[in-house]
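Take a look at these structures.
Common to both upcoming complexes is chain A, partnered first by chain B, then by chain C.
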Partner chain A sequence: MEQLLQHLVNGLVLGGTYALLGIGLTLIFGLMNVVNFAHGEFYTLGAYAAFGALALAGLPFFVALAAAIATGALLGALCERVLLRPLRRESIDTVMLVMIGVWIAMQNAELLVWGGVARSIPHPFPTAPLTLGPLNIAPLRLFVMAAAAGLIGAAWLLIQRTRLGTAMRATFQDRDTAALMGVPIGRIHTITFAFGSALAAAAGALLGPVFLAYPSMGDLASLKAFSVVILGGLGNLAGATLGGLLLGVAEELGAGYVSSGYRDAVGFVAIILVLIFRPAGLFARAERIG
Partner chain B sequence: MIVRALLAAAALALVTAPAWLPSPYHLHILIMAGIFAILALSLNLLLGYTGQLSLGHAAFFGIGAYTSALLALKLEWSFWLALPCAAVASGIAGWAIGRLALKLRGAYFVLVTISFAGVISLVSINWMELTNGPLGLPGVPPPDFGPWSLRTKRAYYYLVLAAAAFTYLVCHRLVHSRIGRALVALRENEPLAESVGIDGTRYLVLAAVVSAALAGVAGSLYAHYTRFVSPEVFLFTYTVTMVIMVIAGGQGTLLGPVIGALLFTALPEALREAVAWQWQMLAYGVVLVVLVFFLPRGIVPSFERWQRRRAASLR
Partner chain C sequence: MLKRAAATFLPLLLALAFLPAAGDAQAPIKIGVIEPLSGPVAASGNYVRMGAEIARDWINARGGINGRKIDLLIEDNKSDPKEAASAAEKLIVRDKVPAIMGAWGSSMTLAAMPKLEEYGVPMVVETSSAASVTKRGNPWVFRISPPSEMEALGLEQYVDKLGVKKADFLAVNTDWGRGSITAFGDMLKKKGVQVGAAEFMEQSATDMNAQLTKIKAAGGDTLFLTTAVEQITLVLKQGQEQRLQRKVITTGGSSSPTQLIKQAGPAAEGSYHIVFFMPWFPEAMPDGKLAKAFVDEWNKRGHPFEGLTEGFRGHDGIATIAEAVKIAGKDEPAAIRDALWKVSFTGVNGPIKFDKDGPAGKESGQSKPSIFIVQVRDGKVALPDFLKK
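Here is the complex of A and B:
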């Protein structure tokens, strides 16, 4: 029982960051129709930006986090303007190939800059775990969970409560009508991609200190983000949040009770099963995907 | 006319390659190009003729490699029995994935194929008793041909060349048959094709099975050539390399994947001498982006168009 609770808590820590990744991707995928295989690379970018700001520039931890998020947003905006905007009329497969190219190029650029050795990112939290009854949780993990929850809340407010969010939702529902109503589609696309990339970078900067930063860390992050999007349904923010938490908990339980070697298989199996049996996602009220 | 002469010269050059290539290293590159040509041709059946992108193609390659290596090592089967078994095992995997995933299209099909490759790769790492885990299976025996062992690079080159020619013929026959026309019809307009009585799922699954089986053949050839199989055969890099070869050469053409395979096996080796290895994969990514931007239809279709235009201006 205590073990189960411990697994659940660990799963929620992981799940919070998966939710961040998933929300970023579900916005990009749903709104722009871009199958963004480079999403995990923005996660890697976030981890390395935090590492660079902390270990090389000597910035305080929270400033480094903000710097990592800003780096993700900036590079995301650049990527959209340079590569995606000229291809907006191309087929989804063409754009997907370009994003695969970006993925390979970014990952190997990171390998070039930082080398293949895994880096540990320093953090100011005490390493002794907090004990809450039967549970042990490291203060860093608690902070990761809280920060992820805060960012998810901020994303939700942005999408649901602001003028910009309304424009984004309108673009998702019907791009042409939104354009006719005066929504600047080009700018919405840039902002969406930058915002999604910033969330991925935030996930990387938060999870980097928990684990390690290494150049290929984004591969699994991409696949997990896709699992979350598929679990939650395309363009479904609440679905992505729930899907992320679900995936994190399922992985923890799978690693704890089945086999730690197959931890990463949970996401793969989730993709296969959900796409075959419930292609609209677990939480969809209506069919969204043709 | 010129094209015919060029093709004949290229065929002659390939058949006589061991005689004029300066070193075994160059022959090795050509052998790898041959194996990749089989892979690219098999991927092209799906990507080029049905329009469905399989990003799990390395799984079929790896299943073929492991099947062949395990049969040769554990049961001491001859290569000539292990090779068709590898094709059958990969073909069955292709059938299963086709049946399950070809209800989906586009990005969703891609995701299922990636996930399938991910699961298979994790199995190869974790099923220690069967696959020896990350350590891999060393000592896969080279094939015999009657009393001769195909241990030398020169002999193996002709084996791979024959297999590549066989694959090309299979693809040629398939594409120019009723089945090939049905696949193209489905790619261009699925509802219209189905309305004239083409069973979409059946033909797509058939293409997936043939494609996977051919990738399995390539896996078997790879295993008995390098004589070592490890979970690295499932690396996503292999899949990406195949995709680049098909797109760059020209998807939906028969010659395109072959030219792509030759070019993109030789290019990294040429880059290896010019730039440090870290830059190679970076360059790969950039080349892929540039190709999509400037040569979206690939080398062979662009060449054909140029030929037609020249012919028209001469007339």
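Here is the complex of A and C:
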């Protein structure tokens, strides 16, 4: 029983990080229809930006977090403006290939700049865990959970409750009509991509101190982010959040009670089942087709 | 006119271009190197490369082998077995190397091995620990790193002194990790030690809390940990987050205690590490002078100190191949293979000499490397108390 509780706590903490990875991608992949293989690289970028700001420039922890998020947004905007804008009328496959190129280029640039040795990112939280009966949780992980919840809430408010969010949704529903209504299509595309990338960088900056920063850290992050987006349904923020938590708990229980050798398999079996039985995602509203 | 000239000279040029390179006594001796230079274990692969470069430069500074310089052709296997196989094929077919050193991880080495047999080119294995590397009946494989069984035997004499009563295992889900659990588990059972949980993690996994929760519930007193240094760091940190009170012993020699102290901080305190090189006290190595010279050269080049426990492997691997070429007197694959059986010298790790291992008639070579155990104490690497004189 104690073990089950600890597994559930671990799963929720891990799931919170997956949710954070998933919401950025669900905006870019779900709303913009860009299969963003470079999402994990923005995650890596966030971690290294935080490392640079903290360990090299000596900035305080929270300033470094903000700097990492800003770096992600800036590079995301640049990437959209330079690479994606000329391809807006191209097929989804062409864009996907370009994003694979971005992925490879960014990962190798990280290897070149930072080297292959993993970096440990300092943080101001105590390393001793908080103990509640038989349960243990690190203060840093609690902070990451809270920050993730805050970011997810902010993203939801932005998309559902602001003029900018309305313009985003309108643009990706029907770009021509939105343009006729005076929505600046180009700027909306740039902002959405920058926002999604900033969320990935935020995830990297928050999770970097929990784990380690190294050039290939984004690969696993991309994989998990795509899983979460598929579980939750494209463009569905609430779905990505729940999908992330679900994936985290499923993996944790799979590792705990089936076999830790098949930990990742448990997550992917869940995704295959979702694709077979609810292809629009677990949390998609019923939709009439045709 | 031009056409006529072309007709005359072109065949001549072609003939020149295809002149066998072996005829040139001054051409450098090519040695292929396959290491993970990118991907999750890139740091280790790059350290091995740096060590290999030191060996190359030392040999060339002494005038080369039989008057010829050596040249390293270095390929990246991207920490991926598939890439290791294609790197071996490229080195052999396109670059025509007569010998290879590689390929760090056991899964990568095992994937490259069929290519050695297919084309008949010997490979010196510098890092891999899985028993299967020398048990598959591949007569082109010569290993200078210890398989897990040998490592376990090396640890056997210390089991009582370490106070191991009930052991749990956590290992990377590769040929190396799985082989290590079997080898150490068998040795411990023979010593009457109870064996509890055996858990696995993917090579790229970062969150090991599920495994640690299970290990905590299993209630042993010692955790045997087998993976590369990045994951060891994460396991130690997350073990601390879960208040996991265990003696930790890492196996495989890729733990880089100096890097652990830097990155895991207090979580690394008290942990034991099986290593095959002790750069902290080089004078305690079998050839203290060589070990000291290697550490000095490494520092002079500005390479990070924490890389030394991997870097020496590159030196010893290249030195082994160079020794074999010297004995063979020529740089042909079959001749180098035959000469590898006659190699006998002392590298940074200690004496290197190959014994036969694997199915009769198709044996691989296996050297008996020196094995050491160190402990992290007060933020420094030290010899464990029971080894102090």
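Everything that follows uses one rule, which is that the second predicted complex is superposed on the first by the 282 of 290 C-alpha atoms of A that agree within 3 Å, B and C clash if a C-alpha of one lies under 4 Å from a C-alpha of the other, contacts with A are read in each partner's own complex, and residues count from 1 in each chain.
Keep in mind that, in the parts below, a contact is a pair of C-beta atoms (placed from the backbone, for glycine too) under 8 Å apart; a residue touches a chain by one contact, two chains touch by 3 or more.
Note that the coordinates shown come from a computational prediction; the quantities given were computed from them, not determined experimentally.
Chemist: With both structures lined up on chain A, is it a clash or a fit for chain B and chain C?
Modeler: Here the two partners, once superposed via chain A, clash with each other.
Chemist: Check the residue A:I272 against both partner chains and state whether it touches chain B (first), chain C (second), both, or neither.
Modeler: Touch partner of A:I272: chain B, not chain C.
Chemist: Is A:A105 in contact with chain B, with chain C, with both, or with neither (first, second, both, neither)?
Modeler: A:A105 sits against chain B, while chain C stays out of touch.
Chemist: Regarding the shared-chain residue A:D264, is it in contact with chain B (first), chain C (second), both, or neither?
Modeler: A:D264 sits against chain B and chain C alike.
Chemist: In the superposed arrangement, does A:L97 touch chain B (first), chain C (second), both or neither?
Modeler: first
Chemist: Check whether A:I137 is in contact with chain B, with chain C, with both or with neither, and answer first, second, both or neither.
Modeler: Second partner only.
Chemist: After superposition on the shared chain, which partner residues are touched by A:V35: those of chain B (first), chain C (second), both, or neither?
Modeler: first
Chemist: Touching A:E252 in the superposition: chain B (first), chain C (second), both, neither?
Modeler: So A:E252 only meets chain C here.
Chemist: Please work out whether A:V117 is in contact with chain B alone, chain C alone, both, or neither, and reply first, second, both or neither.
Modeler: second
Chemist: Per the contact definition in the header, classify A:P129: touching chain B only (first), chain C only (second), both, or neither.
Modeler: In the superposed model, A:P129 contacts chain C only, not chain B.
Chemist: Can you give me the overlap between the chain B contact set and the chain C contact set on chain A?
Modeler: On chain A, the overlap between the chain B and chain C contacts is residues 107-108, 111, 219, 259, 261, 264.
Chemist: Within the complex, which stretch of chain B touches chain A?
Modeler: 51, 53, 100-101, 103-104, 106-108, 110-112, 114-116, 118-119, 122, 125-126, 236, 240, 243, 247, 278-279, 281-282, 284-289, 292-293, 296
Chemist: Inside the complex, what are the residues of chain A that reach chain B?
Modeler: Counting only chain A, the residues touching chain B are 29, 35, 83, 86-87, 90, 92-94, 96-98, 100-109, 111-112, 219, 223, 226, 230, 259, 261-262, 264-265, 267-269, 271-272, 275-276, 279, 289.
Chemist: In the complex of these two chains, what residues of chain A are touching chain C?
Modeler: It comes out as residues 2-3, 6-7, 10-11, 13-14, 17, 107-108, 111, 115-120, 127-129, 131, 136-138, 141, 211-212, 214-217, 219-220, 251-252, 255-256, 259-261, 263-264.
Chemist: In their shared complex, at which residues does chain C touch chain A?
Modeler: Per the stated touch rule, the residues are 37-40, 42-43, 45-46, 79, 173, 199-202, 204-207, 209-211, 213-214, 217, 229-230, 233-234, 237, 240-243, 259, 262-267, 304, 306.
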